[in-house]
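Look for subunit A in each of the two complexes below; its partner is subunit B in the first and subunit C in the second.
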Partner chain A sequence: MSNDERRPSRLLNTTRRQAMMGLGGGLLAGASGLLARPAFAANQTVAFVPKFTSDPYFVSANQGAQEAGKELGLTVQYNGPVDANVAGQVDIVDRLVRSRVDAISICALDPTALAPSLMRAQQKGIKVNTWDADVKSDARQVFLNQASYDAIGETIADIMAKGAGTSGDFLMVTGSLTASNMLAWMKAIQETVAKKYPDMHIKTTLLGEQDIEKGKNVTLNYLRANPDTKGVFTVDGIAEISVAEAVKQLGMSGKITIAGIGVPNAIRPYIKDGIIKDAVLWSPVDIGYAALYISKAQLDGTFDPAKGVVKAGRLGDLKFTAKDEVLLGPPLVFNKDNIDKYNF
Partner chain B sequence: MSQPTTRSTAPAEASPRPRFAFTRTHGLALLLVIELAGLGVLVPGYLEPGSLLDTSRTFIETGILALGMTFVIVSGGIDLSVASLLALVSVVMGLSYQAGLPLPAAMFLGIMTGIAGGLVNGAAVAYLGLHPFVVTLATMAIYRGAAYAISNAAAVSDFPPWFTSIGQSYFAGGLVPAQLPVLVVAALACWLLLDRTTFGRRVYGIGANELATRFSGVPVERVKLAIYGLMGCLVAVAAMIQTARVSTARANASIGLELPVIAMVVLGGTKITGGAGTIPGTVLGVLVLAYLQDGLVSAGVRNDWGLVIVGAFLILGVLANELFRRAPR
Partner chain C sequence: MNAPWIDRALKRPEAAPIAFLVVISLLLALTTPGFWSSANLLNIISQVAVVGIVSLALNQVILSGEIDVSIGSLLAACAFTYASVGHLTIHPLLPLLAALGVGLGVGALNGVIVTVGRVPSIIATLGMLLGLRGVVLLIGANGVLLVPDGARAFGLGSIAGLRAPIVGLVVVFAIFDLINRNTEWGRDILAVGSNRRAADAVGLRASFVKFRCFLATGLGCGLASAIFAGQIGEIQATAATGFELQCIAAVVLGGTSITGGRGSTLAPVIGAVLVGVILNALTLNSVPGTFEQLVLGLLILLAISVDAVRFRASRRLS
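Here is the complex of A and B:
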């Protein structure tokens, strides 16, 4: 113990101490004022857990979740780590289990790290589903897949055919040659092209390494050497920006079609300029919305793969693609007309 | 009000009521009681023993770090690298296990990494005479960077059940988390070390007046080296528990954890400039902050506010230390 502790109290310090206690009490009271609603609300509570709370993508997902919560009379508690911290997300889930939420709907930062906590949640009767990023299959009842790789690949190839025609030479730019989602999208694009548009020739695949500048440079070099290229496939959101920037710099807007994955906030200027006509992704708002409808079905006991579908409000019926996997629906295509509806 | 006042040896003339001195530790204990009572009202079932004990899983690693940090700050130092070192230990252990080393050997390697990381800090502070803030700000980047570099930002997740049970199992009828005794034992050991040994006296001495302590014949450099080495060792223990608890070793583990650790220690009454502070105080600081953060999340408050609370309590802690301090030492 320090010497401070052995000294007796003096009159002067008593007032200071009272001031301190007041401060502490005030903080506690202030903190409780932050409560959105008391935890003992009569309706059921679903915890909607993103990878991290502040990203516009997850904020949009929460919008959809809250919308569905209102329609279904569920209290939706949006809570997750501040940054992509796995232990932080595990802590959050453990807390949710202790605070006895009725269901958890989570986008997992790690498929194995979250599994033990989610299994404990299920043991305590909490219904668990995952969306966007899955966990080990025994740690949740169902995974909501935002869009199948095949459907995305096919939509991208169709956009290309619409913009550039069905024959000629094409380029593909990807962010990574190892990331499993990008590999799956590349494969899906190539398969669709081979099947539906056999005269389209994807001459080569360049690596942008998810770096706008690097992707732009490799694309510039290629397009200068191969001016006959009719279109560029982009396999990730950053490659889409790189390629659009390269096409803009070469003054080839309208001559080269860009088709691929695009994130609205990042490609908005290119869409408005007409450099990119259509870009493919899914709607995070709809993911959140659908995830809550699945939670509701789990809570009501109406969730049943044998039915083949889950009802999801304005989205209609969602199909099972496996006994524990539900598909959100067809990919979302952004263009000049609808891009302003999306903010992520 | 659980704190005994056995050490109140106040001179009678200093106060009209010398029997009971209301200290900062008492205030903190009272705050904890009020806080838990408040949470008990807000969150149904929060005060059930099972729930309270289970919550300890979220602060055991932070608590272990706070114990070591108490020594560091009492000695007039600071260690900003603890969270980075924790990640490095975890990654070293995970990767060497994945590379084929038996897990106990990998754990040993991890512990050695922790101690080495602490000793590097200590050597730079003690023998190069660099300011601990600068040293550990640098190693905070170095250890984190090394963790990312050697793991290539990939995670190791396939630990055997006996290992993950360190952080995920319970005993005493499923009530007590397996890792809780580690914190309790560490707290007792640290309390004995700081309060009851020559080493502990020297730690206070260095923090209160390094020059005077040196002239009293204390090997200041060796003591400092030992303090940071102890910190590194406790980091390694915390790293084992966290890796077991989340069944994952990855380079971005516990980012930003140094902040709550320092906040808890300061809230517990440790003077940020050194020379004063106690282990019981730190334990109370850990409990107050950890249960507040946990309880508010349980009550439905967004986790983002947790950071605001930690920051606020850091300032509140420093302020309280000033207000409760009497004549300059």
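Here is the complex of A and C:
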């Protein structure tokens, strides 16, 4: 209990202190630009900061970052909180600023709490970009977006059409009716269906509440009563597991197509069983890889939205979707053939 | 004038909920295609088996005048234990024993804090609810824990043609019914729950009676976790969040008084099935998930009000 009580106040103090420093820092910004050390060509250090270090998703992202670091001759320092603790991430960024890394590439736990520290980093000449989860736009130079909602929605609808055909009755299962990312994916799926596959009828949207048991039960009940359903759209990784388990228990594998967001480690057994053919996500390895190429461009001074693209090694050219946002590329589709390449 | 057995049956605490369950089932049978099939009805009962088993144990605690809200986190902790030990595959019963051990240990701790430490049970078990969930999050926040196929028998298997979860629910009900009808412990619980001072005066050791009730919820969570893990196949660190409220709802909806001392062994089963039937009907009728909580909330308010009115009426009569 006492720990929990301490945490918010510490966070508050830190932000307040940093807000005051930010005031002074703003006045000095021009001067510090003049005083910034000339960038050393060799052996620059980029701090690659995940939400927390142990999550397999972020371990994979680091794998990509290290790969790019090797290609670019950059030292990549993987450093983040051990649990998803906002104050911990703020402390780590402050320490990185003091130790004078050359660039910070971060997946932020909180868009506002990290902003003062990152602004201070920029005032000291440290290049900052964000990936996966953004911060307020003045606290970084560019955000790397892993996949657009529209592209994900369209890919999911296409997988459904390939597996179940383009007409008949369908079900949608979502984890939440309020989370903004899921709402955006649902909208994108529905729009693609309406435009490309008008004979597909999504009869209803059931709520799985990101709880495997709940999602499994509602899907099982619905499919038992509506055995003519041709496929189920799943809008989050937990719904995908729930629906796959329901289809497995009903013995309807092969009769029902499942199309949606899936996380490889969680759906691996269902992919191997053939209950799920294809699942959609993005590659965290590629996110880490691309984030480091963006850091490199920032350090070299070649980062320029006017060019329209950023070079990113084996990923080719990444497009700008706004003057301060770069898109990683099309979503990644997992299936039996490639799932063993991914461990997150 | 009714025959005496009808009078007695009507006065039983679970009479109104059973009548409500029968009426609503008949209505659904007429209006909702797919509801009245043996597959769907068996489906409902196996889906409520986990809630039913833990509610049967929680019922004892509530009858004794206490409450245990730690069961949601305890079920998750037991399920994690069950699945982790299941990966060792030394003996098929070992995961169950480990889960029962965790349940028994936490139940005993709850019981000691409440009876020896004299901490109100709502506070003690609320602390346990948060603390245990914290432990589960620390261990399991990195993803989902797969339940190995060999360890899923309690959730997916069948015994003599009947699904294992249903058999489990019936057996646990039979055990508690036996205890409450035929043993001193069962009668002591009601005595302690309805009037603790009187129970003390006649020499009942109220603390020990209550302690055994907390052991029962621990064991109930341990056993139910084997079914739970088997049914879902992958366990998340947030699994069974809010489960404690489902169980309290089941006990109260079935006709056991939340203030203790009055109720029946059948109440939690009726309550759990009632919730299962309503959730099933909402899904079959494609009602958007948004309405679920509203419907369940209204149902609980209705049940509590009916209980209060009946209680006052019965007092006036006697």
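Assume the second predicted complex is superposed on the first by the 302 of 344 C-alpha atoms of A that agree within 3 Å, B and C clash if a C-alpha of one lies under 4 Å from a C-alpha of the other, contacts with A are read in each partner's own complex, and residues count from 1 in each chain.
We adopt the following convention: contacts are C-beta pairs under 8 Å (C-beta built on N, C-alpha and C of every residue); 3 or more make two chains touch, one makes a residue touch a chain.
It should be emphasised that the depicted structure is a prediction, and the values quoted were computed from it without experimental measurement.
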>> Looking at A:Ser54 after the superposition, I want to know if it touches subunit B, subunit C, both of them or none. Which is it: first, second, both, neither?
In response: both
In the overlaid three-chain picture, which partner chain does A:Leu177 touch, first (subunit B) or second (subunit C), both, or neither? second
Taking the superposition on A as described, I'd like to know which of subunit B and subunit C A:Arg224 touches: first, second, both or neither.
second
Counting residues of subunit A touched by each of subunit B and subunit C, the higher count belongs to B
Quiz item: Which partner does A:Pro116 reach: the first (subunit B), the second (subunit C), both, or neither?
Solution: first
>> Looking at A:Val86 after the superposition, I want to know if it touches subunit B, subunit C, both of them or none. Which is it: first, second, both, neither?
In response: first
Under the stated touch criterion, which partner chain does A:Arg95 make contact with: subunit B (first), subunit C (second), both, or neither? first
After superposition on chain A, the subunit A residues reached by both subunit B and subunit C are 54, 83-84
The answer for subunit B against subunit A in the complex is residues 7-11, 14-15, 17-18, 21-25, 27, 30-31, 34-35, 38, 42-46, 51, 54-55, 57-58, 155, 157-158, 164, 168, 195, 204, 242, 245-248, 250, 252-256, 269, 271, 275-278, 280, 292, 294, 296-307, 309, 312, 316, 319-320, 323-326, 329
The answer for subunit C against subunit A in the complex is residues 33-35, 39-40, 43, 47, 138, 141-144, 146, 156, 228, 231-236, 238-241, 279-280, 283-284, 286, 288-290, 292
The answer for subunit A against subunit C in the complex is residues 54-56, 83-84, 177, 203-207, 209-213, 216-218, 220-222, 224-226, 238, 241, 245, 249, 263, 265-266, 269
In the complex, subunit A touches subunit B at residues 1-10, 13, 16-17, 19-21, 23-25, 27-28, 31-32, 34-40, 45, 53-54, 77-88, 90-92, 94-96, 98-100, 110-113, 115-116
